[in-house]
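For reference, the structure is listed below as structure tokens.
For clarity, chains are labelled A, B, C and D in written order, and residue numbers in each chain start from 1.
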Amino acid sequence: MSTKTLAQVAQHKSADSCWVIIQNKVYDVTDFLPDHPGGAEIILKYAGRDATSVYEPIHPPDALEKNLPLSKHLGPLSADAVEAMEKQRESAKKTQDEIRVEQARKRMPPLIRILNLTDMENVARQILSHKAWAYYSSASDDGITNIENARAFNRFFFRARVMRPVSKCDPSTTILGFKSRIPVFVSGAALAKLGHPDGEINITKGASKGGIIQMVSSNASLSPNAIMDAADQYQTLFFQLYKHRNDEVAEKRVRDIERLGYKAIFLTVDAIVAGNRERDVRSPWILEEQENGPVYFDVLKGTEQAGEVNIFGTAGALIANDDRDMTWEKTIPWLRSMTKLPIVIKGVQCVEDAVLAAEACCDGILLSNHGGRQLEYSLPPLEVLYSLQQQRPDVFQRLEVYIDGGIRRGTDVVKAVCLGAKAVGLGRPFLYAQSAYGAAGVAKVIEILQREIVTAMRLLGASTVKDLRPEMIQRADWQPVLSKL
Amino acid sequence: MSTKTLAQVAQHKSADSCWVIIQNKVYDVTDFLPDHPGGAEIILKYAGRDATSVYEPIHPPDALEKNLPLSKHLGPLSADAVEAMEKQRESAKKTQDEIRVEQARKRMPPLIRILNLTDMENVARQILSHKAWAYYSSASDDGITNIENARAFNRFFFRARVMRPVSKCDPSTTILGFKSRIPVFVSGAALAKLGHPDGEINITKGASKGGIIQMVSSNASLSPNAIMDAADQYQTLFFQLYKHRNDEVAEKRVRDIERLGYKAIFLTVDAIVAGNRERDVRSPWILEEQENGPVYFDVLKGTEQAGEVNIFGTAGALIANDDRDMTWEKTIPWLRSMTKLPIVIKGVQCVEDAVLAAEACCDGILLSNHGGRQLEYSLPPLEVLYSLQQQRPDVFQRLEVYIDGGIRRGTDVVKAVCLGAKAVGLGRPFLYAQSAYGAAGVAKVIEILQREIVTAMRLLGASTVKDLRPEMIQRADWQPVLSKL
Amino acid sequence: MSTKTLAQVAQHKSADSCWVIIQNKVYDVTDFLPDHPGGAEIILKYAGRDATSVYEPIHPPDALEKNLPLSKHLGPLSADAVEAMEKQRESAKKTQDEIRVEQARKRMPPLIRILNLTDMENVARQILSHKAWAYYSSASDDGITNIENARAFNRFFFRARVMRPVSKCDPSTTILGFKSRIPVFVSGAALAKLGHPDGEINITKGASKGGIIQMVSSNASLSPNAIMDAADQYQTLFFQLYKHRNDEVAEKRVRDIERLGYKAIFLTVDAIVAGNRERDVRSPWILEEQENGPVYFDVLKGTEQAGEVNIFGTAGALIANDDRDMTWEKTIPWLRSMTKLPIVIKGVQCVEDAVLAAEACCDGILLSNHGGRQLEYSLPPLEVLYSLQQQRPDVFQRLEVYIDGGIRRGTDVVKAVCLGAKAVGLGRPFLYAQSAYGAAGVAKVIEILQREIVTAMRLLGASTVKDLRPEMIQRADWQPVLSKL
Amino acid sequence: MSTKTLAQVAQHKSADSCWVIIQNKVYDVTDFLPDHPGGAEIILKYAGRDATSVYEPIHPPDALEKNLPLSKHLGPLSADAVEAMEKQRESAKKTQDEIRVEQARKRMPPLIRILNLTDMENVARQILSHKAWAYYSSASDDGITNIENARAFNRFFFRARVMRPVSKCDPSTTILGFKSRIPVFVSGAALAKLGHPDGEINITKGASKGGIIQMVSSNASLSPNAIMDAADQYQTLFFQLYKHRNDEVAEKRVRDIERLGYKAIFLTVDAIVAGNRERDVRSPWILEEQENGPVYFDVLKGTEQAGEVNIFGTAGALIANDDRDMTWEKTIPWLRSMTKLPIVIKGVQCVEDAVLAAEACCDGILLSNHGGRQLEYSLPPLEVLYSLQQQRPDVFQRLEVYIDGGIRRGTDVVKAVCLGAKAVGLGRPFLYAQSAYGAAGVAKVIEILQREIVTAMRLLGASTVKDLRPEMIQRADWQPVLSKL
């Protein structure tokens, strides 16, 4: 393959012949345009030129290889072209958003002054690009489920016990038999590179330092083996599987994962279609307005273009090919047949399905509504956990139960464990931490949680997680305040 | 009849002899003054001159013909007079409100950027005249019922089911046997011309495009046949009947409606007298103050004129002659006797009356408190639906149940259908949409709802409306947040 | 008695010899100083000079005669002195508060634009002197009871009935056998002269026009016979009795009242000691700061003077001599023994005492916590009414039940009547109305309530008060919004 | 021992040799550095110089003697050195915070204008140093428990009784047999010298004047005998014991206390480890930023120094050596064996532990979550009291029950007594009062409470505390407003 010049590439800038440059390589994506999950429009915007900056943080790195036949890999850019592009990038005017981020990063407080997870989120809100913040923070519709997930913890109070020996207090536990220093794991959270160039590896290194388990998403911005490579020798990683609708593709993914050394499969069932995340959908418009001013009325234009808006946002593209027809009867046995790994169902949202999971002999369930990013008005996971404990305590004997969504304090973790959760997952806090402070930020989050958990356990009269019992919890029949000091 | 000059008309500007010009025709309304439902005062304000601009958007177009004997139709204006008036209108100074609206219309966002019904309402709030906004948005007393209608949906959460095949998802249904692409219809909403010169026809055309049924109000600003004329060949229209207190007048209306091709009668029973809509009542004062500054204290004057305020607002006039003595025993059989159309009672507000409607063999009931515009503190329709499902599930077998009031999201629709509603009505959103973007706006609202409904159904594990079941709903015992992201 | 000069009076300005001028007459109040319910300090502030302006609006007009022996009535001022004082008043610099009130009164809206009782209160807040507003609006402690009284109505929704004949709708009722055009009466509200020079007579005249009954307070700023004189021939007045601790004084008061033609005794039992009304207590300080700037720290001074603050406010003085040892066994028979008038207990605050009142053969009870001005956290009267209806419906057969506190809308009245109240009392709204617009304002309040009551009854399916039934009410298990449109 | 010069001391300013000056005496604290509960870092900041200003208000005065062998007491400063230091202090530039406090103290209102405990807190907020306010006001995590403690009172309403004789009303009671003028005591509150140079003695003198009992904290900034010395002859003092983990040290403390004349032991069990009081932890940073501007990002530095932050705040240091392994079986008999004083368990937080305390034959329990400063989401003490009254009324017969946390009004006290509390404790209000107005402020708080309690009792129909009964309380099923008038 001969090298290509920028001029050559620039000639192919239409739907008839569409070339793009990704990391100094040239690809012919003309035939792929109609199949692009994010729509053809966004690719055509970069037709005939470099698309690396938008491609990289939101695509799994093997996306192009998987989707494009080798004949469309047109080869590398010429050395001159690479140099020219580099100069172009340097001299390009920064956007207002880039300038804002640059300045905010200079004003970040030292890590030592981050006292809790809200502090961490507040820093992240300042230093993230608008696009990254929109993707990380967005939730469905009016964001009510996202808020209610957290508010649910607000309704559960402690019946603290005194006069119990707690000078020794051990918050460690096991998850599917694997050790964890605290009953907390990293819940699958995608696209870490949007916030930090090292991406998910920050989380891997921080989790290693903090002694907890990372669940890696199918939609990570790094490949499963790149992440596994970053793990230390004794570190446990789980895999969050978005099952492809093509069973063969899905099977290959599962076998790869097991071979790479991942220790469990969390099958995602709460995100088979994209949630309505409006902040994420609006993000490009807001950036556009920031640079060029508001876009005004033109009914006809609006109507004609209606098909072009990527109404499903960033996430919509990622899951466009996932299996929307999974069933207990078909999918669990299929998965069992090809892997010895424990199987956990991620996204159970009511007692009935928890029971079905137990009957399907799953190894665990993660009560989750995807952080309020999918079905608006899905019950808060903590409320589902509480109902399960009230109505079907037997389920906790048959599989391990985890929850995620809305956890921000050590007391939140302790409440969930009291109500029967083996461990809890956190997602956004780790994305925020790695965006702001890299791996050190992730380790800091774990350190904060560990300190808060131990303090809460001691003041509750518990010296191990086994001492945390449902009768220590009282559900308030009023709505407590949420406001800060 | 000879033509009239402006000078001739101008001589008749008192209660003793009162002429007005409507659409270039002259009428003698002297004898009609005491019978005007909106009060004599407002007519006298325009005595001796052109009243078209205030007459047109708030009167059913056959109002004058129906109420005025032919002898009082004094004939057309002279051509000179028409021309003079035209010039007058052109040179007239615009009011502050007109200027505001004109500028706002230029700043409207393109339709493609309207992501949800709140976006649509926000645009409408900007571009509507003060009078139109006051009429459309006003509600009874302190507006509590209006807000509670919407807040009720906030209390109902989903017990979402996973691992169910939903790649195919069909949100269509039937209403009284007529097809509807989604379980949504346009609830009777009057005076569309206040917001857009094409009035209710915008809704008819948008409903045709979106595949849903329009219920046309007796108080529409276009006649029932004008609206029917705008419908496409296969389109279904229902009619919202405000029964006249004179049975003969009422009968003529019913027979006209059936003859025109309307497919069902929604008999309105929640608006037999005007609600206390203070925003609407205050509207003329606020406009007056906007132009001339505040009106200060004068007790005597205030006291003397007390009888002149139109305390019942725009709506009060529209329903002044409606039947306030309807009964189950008398009115339903009377209506049955003259039409084969299905009969739906619009405005049932408690379980007891739902049962009575079933016993009276009605074909359906629309649980409604008139969008919070009538009895303040009437229960939210969703709460009535929930009680009906809890206490008398048999009623759903005997007639179709619909609700309206407070619906703004696809999840709202899905909740109502889960609880037994065959379909839900929306009013204000369609008025706002047609005001801002005409028929395209109406179609957009339907498109948004359809997308939101399908997303919610899939994430809930439902592939048809039959899969939406009461057990998928859990009523929260706390008050969730209402705030946006 | 010789006339007195200003110079003569001015010599008696100490606790040793203290003269004051009231309405151009001179009194020696030296011996009375220790007995003054409001404390000696406030009198000494005006020693040796004219005290009319502070005396008049807050004392029953017979206070001096009753409390001072004839020998201390030193006779009239000389004509020169009267003239001199008049000039002094004219040339006196107005306070900032007086200037504010004067300007606000000029900006009052015409009465015709007052649509509801909140409008009326908003006008009153503008035009009342700081002292009057503080006295009228103040409530106990943190004002929670006052707010909760009104908020209680917010929790009760209507189960509205449709298809009932309501073209004829009669809201009239009887109270203790006396006719009332609507189920509303004026609850005892004191010191009307603080807001308007005509005082309680404004209410009497307005009540006459509106066809409702006025309950006159023992603490009115006009005498019972002055008020009765202002009534029309057929008008019914009730009397709110604050029983004096001296039975003989109390007996004289009762016999006077009956003789004057009052038709019932409302014995006040919820105000035997003063509530902690801090806004009222603070009022003089705030006025002082307004004129002279803030008062700064001086611990010693503060400590020494602690005894001098009138911590019980305006009301404390009024009720200082009331009977704090009334009992069912002793007080009711005593009262029965001296009057044939019906006896109503004003201030019942729980079901148990409602039952005791019935057993004591009282003619009625007024469920009231004195408008939230006495015991903070006394239950809202509407909640007590609801409990009474639920637990002891028999009580409603044995005596008439009324409530007051928090009523601002016709729907509030209708809710109370549905739950068994024969009528409801309003206090502050009438004080506000008479302060702003005199008798016309009072009539306006009644007119507004009548319109709102009739509208609510019709939309509820009721044509007489007998149709208003407990089953038409549903108590919400959530907290509805309070915000306005 | 020879006297030391400033130059001599200044040479020992490192971890290798660390001298400090406290109240003009020199100490060698080198060996003590690793054992300092507050961490070595804070001492090293003052190595080689005077540390009195930071040492004094937060250390029990015998701290140095107890912890430092005599050989490390290096003797007094030379007279020249003392003089030099004095001059230095005088010429030292005041910090922004000191200047703010100085000015605020000049603007304090006279004590006579303090009407309630909120007024007192508002003054204290103005005049306290940032550090003092942070320590006094701080609470755990997000401060929810602290707020909920107070909000709980908001949910309990009175069923007031009328027609009961209350002209005589006596609010006095006994606590463990000792007289108290009102059912209120001073709950252990530490470090009074942070707010006022006279420290806890202000409280002792104010309590004497007001006739109530003071519970003195182990962590008082004055020694137990200094406080006892300040008490009047007949005054009752209790002691709040933080049991040292070394039983011998603890025993000595108990025997000292009994010998000094304290009348009861309140064994603290709700603060065995430090709560997460972030406002207190942040306090030094905020002061630093106030003087020098914000501290910006340096990840490496942040990470290295992580061990140096005193994450447990001021309180953490105070309780670092307390016993974390107390049990009912071991600790209560141990305590009984060495003292005849009544034993009260301070910090019971659920019904189960109340029962265990009764079974362990304790004399009383103080339901408390340490003012929301320890376990976040511990139930509000009033809710625990209510549950105890509902579920185990027998416990009130077996020991005395007290509560503290959130009490700010006389009605709060009366509610707790109705529900079975023998008395209630207040902490922060007394700290605020003594900080602002010394002993006179403390007496004022008691005077306010007494007035409010008597008013509430009378309006409730109670003339002694025995008349206050559980049936006078109704728990609201809604959330009342908290807002002020």
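Keep this in mind: contacts are C-beta pairs under 8 Å (C-beta built on N, C-alpha and C of every residue); 3 or more make two chains touch, one makes a residue touch a chain.
Please read all numbers here as calculations on a predicted model, not as lab measurements.
S.K.: Between subunit A and subunit D, two touching copies, which fits better, same or different residues at the interface, with half of the numbers shared as the threshold?
M.R.: different
S.K.: I'd like to verify one number: the distance from the centre of subunit B to the centre of subunit D, where each centre is the average of its C-alpha atoms, in whole angstrom.
M.R.: Each chain's C-alpha centroid was found; their separation is 63 Å.
S.K.: Per the centroid of Cα atoms for each chain, what is the distance between subunit A and subunit B, given in Å?
M.R.: Distance between chain centres: 45 Å.
S.K.: Specify, in ascending order, the residues of subunit A that touch 2 or more different other chains.
M.R.: 477, 479
S.K.: Work through the pairs of chains, note which ones touch, and then classify the graph as line, ring, star, complete or other.
M.R.: ring
S.K.: Quick one: which chain pairs are touching?
M.R.: So, checking each combination of chains, I get A-B, A-D, B-C, C-D as the touching pairs.
S.K.: Any idea which subunit C residues touch subunit B in the complex?
M.R.: 105-113, 115-116, 154, 156-167, 409, 411, 415, 437-438, 440, 444, 447, 451-452, 455-456, 458-460, 474, 477-485
S.K.: Could you please specify the touching residues of subunit B with respect to subunit C in the complex?
M.R.: Against subunit C, the touching part of subunit B is residues 137-139, 141-144, 146-148, 151, 155, 245, 269-270, 272-276, 278-279, 281-282, 285, 294-299, 301-303, 305-306, 308-309, 311, 324-328, 331, 345, 347-353, 356, 369, 374-379, 477, 479.
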